[in-house]
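Letters A, B, C, D and E name the chains as they come in the text, with residue numbers starting at 1 for each one.
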Amino acid sequence: MNNNEIFEPTIIGFTCNWCSYRAADLAGTARIKYPPNIRLIRLMCSGRLDPTFVFKALASGADGVMITGCHPGECHYLEQNYKALRRFHLIRRTLKGFGVEPGRVKLVWASAAEGAKFASETAVFIEEIRALGPLHWGKSNGYTPFGGKPPEFEPAPESPEEVPA
Amino acid sequence: MVTLQALDPPKAVPKLIEDLTLLDEVSARTAGVSRLEMCIQCGTCGGSCPSSADMDHTPRMLFAMLRAGMREDSLKSNTPWICVSCYHCVVRCPQNVHIADVMYTLKGMAIEAKLFRDSTAPDFSQTFVDMVEEYGRGFEFGLATRHYLKHFPLRLPSMAPMGLGLLSKKRMTITPKRIKGIKQLKAILKRAKEVEGDSHG
Amino acid sequence: MTKHNGSKPEVQERIGVYVCHCGTNIAGTVDVVQVAEWAASRLKTRGVVIARDYKFMCSSLGQELIEKDIKELGLTRVVVAACSPHLHEKTFRTACARAGLNPFLCEMVSIREQVSWVHTDKEAATIKSQAAVSGGVERVIHHEALEPLTVPINPATLVVGGGIAGIQATLEIADAGHHVYMVEREPSIGGHMAQFDKTFPTLDCAACILTPKMVDVGGHPNVTLMTWSEVEKVEGYVGNFSVTVRKKARHVKTEDCTGCGICQEKCPKKVIDEIYEAGLGYRKAIYTPFPQAVPRFPVMDVDNCIYFEKGTCKACEKFCPTNAINFDQQDEIVTLEVGNIILATGYDIFDARRVSNYGYGRLANVFTSLEMERLTNAAGPTNGNIVLRDGKTVPEAVGIIHCVGSRDRNFNNHCSVICCMQSLKFAHMVHERTGAIVYNFYIDMRTPFKDYDEFYQRVMEEGTLFVRGKVAEVTDATRLPGEEGKLIIQVEDTLAGKQRRIPVDMVVLSVGLQPRQDSNETAKLFGISCSANGWFIEKHPKLDPVATMTEGIYIAGCAQGPKDIPASVSQGAAAAARVLGKIEQKEMALEPVRASVIEEKCSGCRICNDLCPFNAITFHEDRMVTEINAALCQGCGTCVAACPAGAIYGTGFNNEQVLAQIEGLLLLNVGDEPVPA
Amino acid sequence: MAKYLFYPGCSMESSAKAYSDSLMAVAGPIGLELEEVEDWNCCGATEYLGISLTPAYALISRNLALASKQANGNRTVVAPCSACYLNLAKADYYMQEQPKLGVMVNEALKAGGLSYKPGTLSIRHLLDVMVYDIGLDTIKSKVVRPLTGLRVAPYLGCMVPRPDYENRWSDHEYPIELDLLLNALGAEVIDFPLKTHCCGGHMPHIGPDTAFELIRRLISSAATYETDIMATLCPMCQMNLDAYQGETNRHFGTNYHMPVVFFTQLMGLAFGLDPKDIGFGSELVSARKALNKVGLEAPELVEAAPARPRKAEGLPMPRPLPTRGPQRAKKDEVAK
Amino acid sequence: MTAPNGKKPKFAMYWAASCGGCEIAVLNIHEKILDVDANFEVVFWPVAMDAKYKDVEAMEDGSILLTLFNGGIRNDENEHIARLLRRKSQILVAFGSCACEGCIPGLANFSPAGEIVHTAFNTVSTDNPHQIYPRTSFDVPEGEITIPKIYPTLRTLDQVVDVDYYMPGCPPESHQIAAVIDLVIQVLQGKAELPPKGATIGAGDSTVCDECTRKRNVKTIKSFHRIYDLDIDPELCLLEQGIPCNGPATRSGCNARCVSAGAQCIGCYGPAEGVVDYGARLIAAFASVIDSNDPEEIEAILDGIPDPAGQFYRFNLAGSLLKAAKPAWEKA
């Protein structure tokens, strides 16, 4: 990427079939515009959110992950969004241990009626990730899709000059 | 057979009143989010206004004029100058329009466009501002004398007892106080004016 | 340890990709031809054997295209890139099934609602569509052929709420020959309509048209009526709900009570009736809310009963001719088995005290519209005489204020729908009964239905004065001569462009309708969704306004949003029709999105045991394994995500599908292509 | 002990000295500790906002910047004057609502080596702090001379309860906080319907006729309730109702005599302080009668020079047109 | 699996980036080791016998029947030998946690390689007044001498070469090693069949909880603790007592050794069959049973797990989805 170019992040969004996916649909029906940097995956519920999905997305080249669900107390499955909430907190803490900005993962509550909110939260998150810069984990860490053979490694810098003092 | 007689072309083409940038400009120059475009013309503001009787237009009507792009007429209106900033309209407005702040904006725009009719109010504001910029604090005695001498010389005699009363009760001082950081304040205001100027292009 | 070595076995599936133009809806922003071409070439190694674009995929010709390819090209998987799956997933699944492909081997990706309609940059939208297609292709590889679960439908129905909407629904179903349980929390059915005197625009008497229907419900052989009762728990799923109802103690044995009313007559304790009389009238501590109440049995208000307070009195017991009073009666818990549920729980009125500038609660002669209904009602506290709070003075001037608490960002954003017509009705009645001058203060007049605007014309003819302007304040602070002793309505007459101060004797606030205070809890109880402001959310705002997202639960009346009586009745009947349709099906297919435990992998750690709100998870102490009841499972997948051993499998949403979709969506980010937006 | 940053505002030093004196006198007993923001400047009142946006907010924000620096973080700033309170609170709020304003203001502040992060301070009015932090119980416990029998009209004016973006008050139109406080002092609090109506603001200087009518409404309404004294919490309200009452009387040919004092002065009275020390005597409409009612000697008054006495004999003087006000008012009275 | 007629099949074992514990574990099978000797010809086992790389290079491809490879791939020598042994072996077993998933040496993937070199050679761990760092090549009068080059991160064996079987554990339990050796011998004798390629051998199919005898109930957790902060109920599930025990996610096969000894499972047997990311399983499991819906309270409860990344990825960082922390690959 050219340094002068604006960094266009890629974000994977997980949506709940009952609220946030419908909010995204509603944003569409209402023709509310937001930047195209997000790609959505439909889950039945935010409670389905497996932390594996978040790590998978980051490891495969996403710069940020947005988890969306019904508002607290409004879960279609009564209370499963709270489980997503709990996992979200632990995921962020774990990512911090990986030296990843916890801000790359965001949790947004959006009801089926909140198309505008979905759009604006998405737009805000894209800007937040843009400010954090690219992650490009997949490329940097030798990820190839579909279980392909990983590329060869170059040895690490060896001379003391390149070693932190 | 009837022949249509061509009408004389108009001597001067009538000026279009619509200036569709007006509403946006007012919004952009208002502190906070004005929500001016949300007005539903319900009249809560005009009904609530304690001083609307003296206004050329009720606030509602003024907003309709802004929407219609009637720049000159709306900036000439005395309405913003009669506004007493009581915020009755603001808390009652069903659309949460920041009415009082829009009034401040219109005053500023009217001064800039030199479109206010009566100079009393703008002068009062300007005199007040001058004092503040000079001293950093309000200076009632200076303000009052300067203002009344200019605008209400005839009112001065009837004001005298009150003024004397205030003076004798030490509720007014003849010498102004100046803040310590007046240089800093002046620097801030100078920069602020530049920023403001830039923002209008 | 992740197995990274070597590529996965060559993709065996034969996948067809179909990209819809949706006229210009998609094609206007997305280069659909390019998306299809890209899928055909770039995703060839991923099993894509054909990729087509078509003007309207959902049209019968579009569907035939897919069917033909399945048959001729031997497709084993189908990906349709079009609108939201919520709209057409069923369409394309059915098309696949017609061609002999298991419908669950079809995947839809949304490039309309989530791409073309929300983005403007054509290049970026095209790239995003490609990513979406790639994600769909990867996901569909991992789809499985599934068979839907079928469950029998219990023909009994529960209707919650005994207002006019609930009554209509109940009667429709009961008349069709199926059993209905009606649960109402007040002592009588009838709802708000029972409080009204006249109904607009025809001005027929509310009681005269409502009472026969109430009696019908009360005596219907197919109806079990449970008033003074509340639903406490709802379990199960469509076709097979199990509902727990608390029948609150009436302290009256209904089997013995004849409804003669002697107990009420003899009861020495007078209580202000906040519910039925809107606080304007009185009732006793043992009471039926109104004479035409259904059922006719009274209830005892133990909070106000002298016996419960002081231990003596029992006047009701002494005078009851059939010994029907029972002070020891306890609440009763009953469980109902039903197949479908209709919620018709109604609305609350806006608390006018919140608009402090209108003085309600501070200024005696400011009334709410509900109080006005009681004042005008011949059976009301004043026998239908419209008088001031002193109970005798007839007003000479009355101001009726519209939109109180409605269309106002400080309170409720919505239009309460009925207030304009209700205010016109009051204007007419005040005119007719008192001859007073009547002012109506409105922002916009909204009289859109049959004969409504004609009624508006009629009220204008009668001489009601209309002032266009939202009233700023109602005050007793006099300012001008002639204002003493009056209420002054201060308003901008927006048509005259002037502020006016109008002195009146009486002010009526047309208060808005708002969701029941406990609508959120109710929604939670029944597992449906509630909008942020508290109205129940229908499945589709236009095309499915009576169903909810939860199968088997329907909504009717004002619980869904403000509406007038005809609309409530229509929706009640519509909900009943939907339920009858379900009952006729006798059994129904459930989405096979379910979780199941792979027993040999389960170590019985019990992490998942407390995670299911539908009690689908049980632990077998003997075998030390957990099991999931497929019929109770709703498919949320929370346990699948939580299982530390990866021993729970989510059919329809398994890990492989989601992980593959992630890889697919990000294919463009790691491939040779430049990193796109 | 409560410790707050204190932004007195210009009036407290001059026209509202009584407010300042009485506040300082009652602060000790109720445990209100105030630390003045150093070298604060004028908030611009209602004037600066009407000239230019950024300079106005920069002027206000210099105070916020100074206060947050002095506060060393997050603290409460108390303002006794309603205009000051509103301006500070509003600037803080708007800079959050519309971050662009905050950026522009901070750009200006930078020229003075200052900065302010919107939302870091909490801006509250004196009455709010008295009622909700100090508490009515504490205030009540200090009352040694209950104002029994004194009919007080609580008058808040506009800019304290409105626009109230932070929802600090019980109501925008009929807040009860001042009533509760006066009640705690033992006074007989009248249900003053115009308690949050406008005193005219700066209108006496600009459109005196408008102002006189607003003042008349307030005074006459209070008078119909047989009010002994009006209690206010705003220097501008006090000034307008007190100092312009004479002119208003002349304008309408009325003869109201309605003393207007600050609520802190009444607190001082109830706490048993000497009326002289809490600013009594500085009002232009004497509060002597009211003081007598609670058994107090009014302090030595320097009465304002009385208006020129009318000649008792001879032909009656032409009366000032009594019609102007009412006539003007009649204009709104279109409905008949 | 074929053994040339009359000759004993060849056996090799190699030790890459690891601690050597696996070698000891093999010896720990006691007299069973004699069976190895009886049935195999040991051709390459640096820790047990003298052999040179060139000897291996000289062997025919596929001539070694079984190689147990322990240790991760940290430098070019590791990689070279891994590739070499892959070529020469019919069956290559990733032996022990390091080869399978990185294990403790893999924790170095939390830091950049340069920093690791720096820590090793120029901090309190080494007295190095002249700040001398190793050079990978150095000219001496006799010629150039080289030492292996370090890689930016440690990789698991299967991230470098094709692996036939996985044998987890740090180290693999002796009884499991013995069982595997038995199995191979039985296969040689035609009495058994090899498991499918890619399988995990010498371990169970379920998780540690399956072998744990502690009582367990429905789980709700109000707080997490270190094991020494509590009086531990010896009968009850440790996780229910607030001890972050990795047992629920860790593959069975160790007989729940740690847990029965009173210590929590730390996860050396790696994830259960089919699990993509071990740490993610624990994150999901632990978080799901936290007994709070309030963000602040959840945060407070999670404070009880001070190093979540370390807790959940102690043994499998290199083998996880993320493979390494951002600073490690960022500076690569």
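What we mean here is this: contacts are C-beta pairs under 8 Å (C-beta built on N, C-alpha and C of every residue); 3 or more make two chains touch, one makes a residue touch a chain.
These figures come from a predicted structure and were not determined experimentally.
Treat each pair of touching chains as one step and give the shortest count from chain A to chain D.
2
Spell out the chains that contact chain C while also contacting chain E.
A
Ranking chain pairs by contacts, what comes out on top?
B-D
Based on the averaged CA atom positions, which chain is farthest from chain B?
So the chain farthest away from chain B turns out to be E.
Taking CA centroids for every chain, report which one is farthest away from chain D.
In terms of C-alpha centroids, the chain at the greatest distance from chain D is E.
Between chain C and chain D, what distance separates the C-alpha centroids? Give it in angstrom.
49
Using the average of all C-alpha atoms in each chain as its centre, how far is it in Å between chain B and chain D?
Those two chain centres are 23 Å apart.
Return the distance between the CA-based centres of chain A and chain E, expressed in whole Å.
Spacing between the chain centres: roughly 30 Å.
Quick check: what residues of chain D touch more than one other chain, meaning two or more?
Correct list: 172-173, 217, 329, 331-332.
In chain E, what residues contact two or more other chains?
In chain E, 159, 276-277, 281, 284, 288, 320-321 touch at least two other chains.
Residues of chain A that touch two or more other chains: which are they?
50-52, 56, 79, 83, 87, 150
Please list, in label order, each pair of chains that touches.
A-C, A-E, B-C, B-D, C-D, C-E
Would you pull the chain C residues touching chain D in the complex into a rising list?
356-357, 362, 473, 475-482, 493, 496, 498-503
Once bound in the complex, which stretches of chain C touch chain A?
Chain C residues touching chain A: 3-8, 46, 84-86, 110, 112-115, 117-121, 124-125, 127-128, 131-132, 135, 138, 520, 523-524, 527, 529-532, 537, 549-550, 593, 611, 613-614, 634-638, 640-642, 650, 653, 655, 658-659, 661-663, 665-667, 669-671, 675-677.
Of all residues in chain C, which touch chain B in the complex?
Touching chain B from chain C are residues 357, 403, 407-410, 443-444, 468-473, 490-494, 497-499.
Using the touch rule from the top, collect the residues of chain E that touch chain C in their complex.
So the residues of chain E in touch with chain C come to 94, 100-101, 156, 158-159, 161-163, 166, 168, 198, 200, 205-210, 216-220, 237, 239, 247-249, 252, 270-277, 281-282, 284-285, 288-289, 316, 319-321.
Can you check the complex and tell me which residues of chain A touch chain E?
50-52, 54-56, 58-59, 72, 79, 82-83, 85-87, 89-91, 93-100, 135, 137, 140-142, 150, 153-160, 162-164
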